[in-house]
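Chain nomenclature is as follows: A, B, C, D and E, assigned in order of appearance, with residue numbering initiated at 1 for each chain independently.
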Amino acid sequence: MLAFLIRRLFQSVVVLLVVGAVSFGMFRFIGDPVNNMLGQERTQADIADLRERLGLDRSVFVQYAVFLRNAAQGDFGVSYRQGRPVADIIAERAPATLELAAVSGVMALVFGIGLGVITAIKRDSLVSSTIMTLSLVGVSLPTFLIGILLIYVLSVQLEWLPSFGRGETVRVGGWTTGFLTQSGLVALILPAITLGLYQMTLIMRIVRSEMLEVLRQDYIRFARARGLRERSINFRHALKNTLVPVITVTGLQMGSIIAFSIITETVFQWPGMGLLFINAVQFVDIPVMAAYLMLISVLFVSINLVVDLLYFAIDPRLSIERVKA
Amino acid sequence: MTPPPVLSVRNLVVAIPSRAGISRPVNGISYDIAPGEILGVVGESGAGKSMAGNAIIGLLDRPAHIASGEVWLNGNRIDNLPPDDLRRIRGRQIGMVFQDPLTSLNPLLQIGDQLTETIREHLPMSAAQARDRAVAALEEVGIPAAAERLNSYPHEFSGGMRQRVVIALALCAEPSLVIADEPTTALDVSVQAQIIALLRRLCRDRGTAVMLVTHDMGVIAEAADRVAVMYAGRLAELGPVRSVIHAPRHPYADGLMGAMPSLSIGQRRLRQIPGAMPRPSRIPPGCAFNPRCPRAADKCRVDPPPTLADDPQGRAACWFPMEHPA
Amino acid sequence: MIRSFSAFWHSDFGWKFRHSPTAILSALVTLLLVGAAIAAPLIAPFDPFNSASLNLMNGFSAPMTPNAFTGQVFLLGADDQGRDVFSTILYGLRVSLFVGVSAVLFAMVLGVTLGLIAGYVGGRVDGFIMRVADIQLTFPAILVAMLIFGIAKGIIAPQYRDQMAIWVLIIAIGLSDWVPFARVVRGATMVEKNRDYVQAARLIGRKPVAIMVLHILPNVLNPILVIATISLALAIIAEATLSFLGVGAPPTQPSLGTLIRIGQTFLFSGEWWILLFPAATLLALALAVNSLGDWLRDALNPRLK
Amino acid sequence: ETLRWALAGDALTLDPHAQNEGVTIMLQSQMMEPLVSRAPTGELEATLATEWAVKADDPNVWVFKLREGVTFHDGATFDSEDVVFSMDRARSEASQMKGIIASVAEVRATGPYEVEIVTNGPNPILPAALTSIMMLDKGWTEANNAVTVQNVAAGEVTFSSTNVNGTGPYTLVSREADARTVMRAFDGYWGKDTFPLAYSEIIFTPIQNASTRVAALLSGELDFIQDVPVQDIDRVKGTAGLKVESSSENRSVFFGLNVSDTLVAGNIDGKNPLADVRVRQAINMTINRDAIRDVVMRGQSVPAGIIMPPFVNGWTEELNAYPAPDNEAAKALLAEAGYPNGFPITLDCPNDRYINDEAICQATVGMLGQIGIQARLNATSKALFFPQVNAMETDFYMLGWGVPSYDSEYIFNFLYHTRDESYGSWNSTRYSNAELDAQIKAIAAEVDLPKRDAMIAQMWETAKNDLAYIPIHHQMLNWAMKDGLTVTVDPDNQARVKYFALN
Amino acid sequence: MTAFVEVSHLGRSFDVSKPWLNRVIERLPRRNLVAVSDVSFQIEEGAVYALVGESGSGKSTIGRMLAGLMTPSEGQVRVAGADLHADPSARKAAGIQMIFQDPYASLNPRWRVRRIICEPVVVAGGETAGLAERLLEQVGLSAEDAEKFPHEFSGGQRQRICIARALAANPRLIICDEPTSALDVSVQAQVLNLMSDLRDELGLTYMFISHDLTVVRHMADRIGVLYLGRLMEEATPAQLFARPRHPYTQMLLAAAPLMDGRTREIDLPKGEVPDPISPPPGCAFNPRCPFAVDLCRKERPELREFGGSRVACHRAEEIAAQSAA
């Protein structure tokens, strides 16, 4: 177990370093922050001066090294756009994204697994093929269009749900939450649906196909032959065995939920990290972009770790070493 | 007076509709099994052995279904029961053992849980009682330190032990019939001998009827009282083990015996049956065996073979059964 | 061609196909759309990619309604630039399909090659390739595509950008999509390489590359095909999504995604046709390709009978 | 009464001297005030200064009389000490405002409510330059260690970038950047009786996505939005309870052309066709500004014949005249210049900066195609576009130019002067005219206004003939709001809530 | 004097240790699975040498080393006088081919039969015209079958195709790894007969691997009994079945079902095969052996000549005396 954790940790560090290196290699191509940072009345001298002060005239490696050195001390620099420490900005934005991701993740999981099980058990029924077809519609339109259509119908035409923002938020310690106010909860609905729909479909399809696979296994036949009830077979025996592959995919999806939140947050003006990233890209706010990408990597790596640990909880066959090193 | 049979199968037909029409992997088989009796069912792969077993216990996968015929268990007809009633019979009155002991057990559940859930499904028992019963069942199949092994997962057992667990699971609600579908094929000979001995002991001690499905004549010879030889979904021959082995009446059974190296010691060449068994969808008219049969006459290519009852010795379904000097 | 078609028609697979209304319908829709895309220059009444032929005054003509200034009539209306929506959809379909198919091909070649190598060689090579795959997954597809797009724009001289945009998209989407191929192929390869026919080939003296290409590859094609179909739908949608973030096909040579991005800005203003028709086309395409992939997955699964 | 207000962007900082950017200044100006400001009508209006004039005996000195009885939000009194402090801060090294008031040499208090601003040479338009220099309280700023202007480049973070203590009509309640800024009416505001001040609270939310922004207005979640997409104006107008107010913006949109001898992308037949004024005239003649107005802009633009918004000193009807589109004549000019079959050229455009920028460029590409010029469109985000323009890696580009000083000098200085260290910093056309350069420097110091106006008129004549820039139009501003609101649209797109009235 | 195939002190172990880091942290030793250990035997030209043993006893491993698919960790294999693993050309010269257990997995399902059969010749650069047809007829199939795909054949027919492919390389030694264990008896007879016929016609030498004693008895000229990678006994079929010398052989024979069984009440074999990673010290069979004494637990018995067989048992003499009594 310890060896496993150490190895994972080492790999995570390597992944982070590579992600960072790749990111820094890319930033120089995304644009030049200097133009955004100076007013219209800037002169060529101002531009050269600012570039030098930002260190943009130095090589990518030096910039990366400086970033790493500071990051190791917990200093992620100051946003070019907002002029505030990146760590503060991210801490301020993270709750919004995490709450949204959590709600849509849970939604995707609950509905995905539920519908997946239903469509697997009632394989050839009308209900199941209807669900399957509808779910395809969900992944056959780009997310942004789904979001805009939801806004158009539910906010503009019906005026049922808010079209943007998080509603009222409450501060609990360093965390702002939208869970505690009615407007906060209502504001979550549309973005969560938009963000979760795709993942839900994916999870549903995987649960369905894994479940169909598991239902064909000998031990399910044997469970039937022992006269167990369908409910017990489906949920106690089949579903549990379905979970192992589902967890892998779900883990990966949680990572991409956060990435997809870029679009959802833009559409719904959701003040989270995705919106922050998009703004950063538009402004070429290098410190923010770097910190965001690193954070996403850390998240992804930790989710992967949790997923691997979950395997051990679920599958007694796995001795810790056998997990992919 | 023979006791009434535990299982009685009458003209059972299993049909599978498919693109090429309806195929009948099991096509009109009839037999009885008495309490305490082991009926061996042999035949080549695809002969319909498993299909017959699954049909009896009501576990045919769609689109396969029982097209006609009857299955009687302890005097009750069970092939037409509603699914839930049939489910109550499975495990309670009919136990089933499958070929591969590793895949038969749910890898994520402790074997104690798998045992107690089965017991409590069928018998009105408290959790503690069921547990005791589970320990007893494991002890009965010869698992040492049974009480401690309840919390083990299947992968923690060796192959032979797993098959014992599977048997314990099949027997834990004390069914009157056990269908064992190739219970030893995946095991080593030494373990196979142990498992067969176990099945025979249980059968003798409890009076359980056993339908032992296998393609290994040796296992049948060792374990069974009577043997049914299946070919292309039909019964070719059914009779006491010794007679079928040493004096087969059906040319197919005869060919099968001749092809076994153990029975043809000293011969440079084995006797071989030419060709292969047809698929259920390609069964020729008349006797299914006719293209491969050395005795086949025109009649065999046209008329379906007679039933076992038509045979003077009641054993073979053949127009021209083999005669052996007594 | 006819022979192989009839072989297909009479095979098991063909039988399954003929008996699945979903499969037939989605194959028909796919064929229709692909055909329309290929034949766009023949079918389309206008050439929307030729800016010089456009008349701005045709802008916003409603479907089947004569334009107030020019009197021209457009079947599905005209967009903000006075382009015939019908023609633009046909050409956009062409772009979308081209981007989708090329991106999937790119991802496929990359993923299959790496997967074969990782699965066959195993050991450190496998470990390395799979770690790279993990890192790749760390950058979710949109991010990868955005960054690559950014880089390419930075590298390529401005005057070539409009022609390069499509290729950049292809690489960006393809590069973010190779991992599933690699994973599946690696898994299948590890199973296949232990099969006796591979051993037999080794015994005969086949070199590893020949074994991978001649023996293993043909036997891992089924899952590749399934992933490719589903990836195609994903790639087309991904292109649309990127277009929303401003990194899609250029507006002068719009893809379906770009059309939707442009069209959605007219959602409130009443020019519904600029959004509706491209969106419906995209929906039909993605739906058809997706359900074809779904059906393939089931039909090619030997265990699902 | 709460005003729920949205537009595309958010302020970058609350430090008034750290960023010279429209939205930043607009948000700050709800809470802070300059000495002089521009009323919605465009005239200069007394704010923290009540009177101002050039000192009788010294043309280099302006004297400002300050308003008495003004307090900051924290209760501190406003006086000449604060003005000196604020002006010095705005002129300091890290300040982004220092460019606007580069002519100021010294600011001195000559009484508690009087200051003198000394300039390097006479500066007739100084008051106009002061409209975006907000006043800070010296005591508060010093107490909070915010004396130096925030310097992002040096990784600095200051108190004043997230906190406000101004004299303005609203106080800051809370602010989450890019999400929500809440302001409440300031009880001690000096102009309580002067301005309508209809709202007691402002909730400001940036919404980037135009569709979402309009949706939020349509669904009643907002009271007021700026940046209404032109195509949605009719929809908003047609919605009960909503209306749209429009005005011409103080911004012109135009194309810049590389007029030097060499094209960045490589010469055509050894020459740069754009260097030939006939080619430029041909392009000028081809662009159908009325069509762009009617279709792309849906009527929301004023076609331009000059790259100067109508509010600017020097603008005339004649200068703004533009040629009727004439493809035949254009082709003839091209042929005359030696390009009867046109030539290829890349048009670089932003796609997220000006109203329908990409669509305008697209339409232009089509129009140019009709006279044989094969234009390729390279539309990119502003983050890529502006560095490209600045690095002069473009031959043909779109640009928009606002004139906060309302004076022609501002345009000439940045767009026409030969590019060097401090002049012509937005001139990527490589246009260089020594005579014009000299005139530009001369009008900056000319105090004789009629004479100066004459010089400007003459300079525009030259500029218009040389056609280094091809004007397209002056953008229109469209503000959408609840019916009950009375708002005058500000040409600089600067909404100031204190002027908003409710009927 | 030298035999056609000479296997001396052949050994093969697999490293099944945990990864390095785990070993360091958990203080675990390296672990070796000894699949084959110190096996020596000879095969005369034209003879059938059989290896029997339970699953995991190392039969396939030996076969693969003989075929050159795996390198031995110890000892050597000499075929026709040349060291197979030291001299790469030896394998080609000896023409070693293999027939595998699973006829369904040993033919590439995507290739036509003709291509499959001709592959060895194609690789060697030979002439293939008419080859497939000739070989197909030789193994009892028809020439038209060359155009078909493997899935169109039954198991027995596929095994014939495998044989045809093996013959295409003009082999002198064919290693058959359980060639009939996936086949039904009636088909098994066909294949066994074919193999016997070919041997007579072509003078082939077979190494025949099986777990089925009756099949081995039918086919072999000499039988080696393997247990946990070690050769326990080697004898002719007549000797082995009449007078098994090793207690393990005796156990195997006792456990094998006899067709005239029924009345026979046998001593049930004890236990199961132990874990090959940590085999018992001394004689590998000692924990299950009714005759085991202390010496058996300490010292590994050598394979030695005894009464016409070769046996690896310390107590062969006593046991022989006992059973004779």
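Annotations for the structure displayed:
In this text, contacts are C-beta pairs under 8 Å (C-beta built on N, C-alpha and C of every residue); 3 or more make two chains touch, one makes a residue touch a chain.
Quantities reported herein were computed from a predicted structural model and do not represent experimental measurements.
Graph distance from chain A to chain C, where chains that touch are one step apart, equals 1.
Looking at A-B alongside A-D, one finds more C-beta pairs in contact between the chains of A-D.
Averaging Cα coordinates per chain places chain D and chain E 89 Å apart. Here the CA centre of chain B is 90 Å from the CA centre of chain D.
With each centre defined as the average position of its C-alpha atoms, the distance from chain B to chain C rounds to 52 Å. Shared interface positions of chain C, i.e. residues touching 2 or more other chains, are given as 150, 153-154, 264, 267-268. Those residues of chain E in touch with two or more other chains do not exist in this structure. For chain A, residues touching at least two other chains, in rising order: 30-31, 148, 152, 156, 266, 278, 281, 325.
Chain contact summary for the complex, chain B toward chain A: residues 57, 59, 87-92, 95-96, 98, 100, 103-109, 117-118, 121-122, 153, 155, 166, 169-170, 173. In the complex of the two chains, the chain C residues touching chain E come out as 195-197, 199-206, 215, 218-219, 221.
Interface residues of chain E facing chain A in the complex, by the touch rule stated above, are 18-19, 21-22, 24-26. Those residues of chain E that touch chain C in the shared complex are 64, 67-69, 92, 96-98, 100-102, 105-111, 119-120, 123-124, 162, 165, 169. Note for the complex: chain E touches chain B at residues 54-55, 154-157, 184-190, 192-193, 196, 211, 213-215, 217-219, 251-252, 254-262, 266, 268-269, 272-273.
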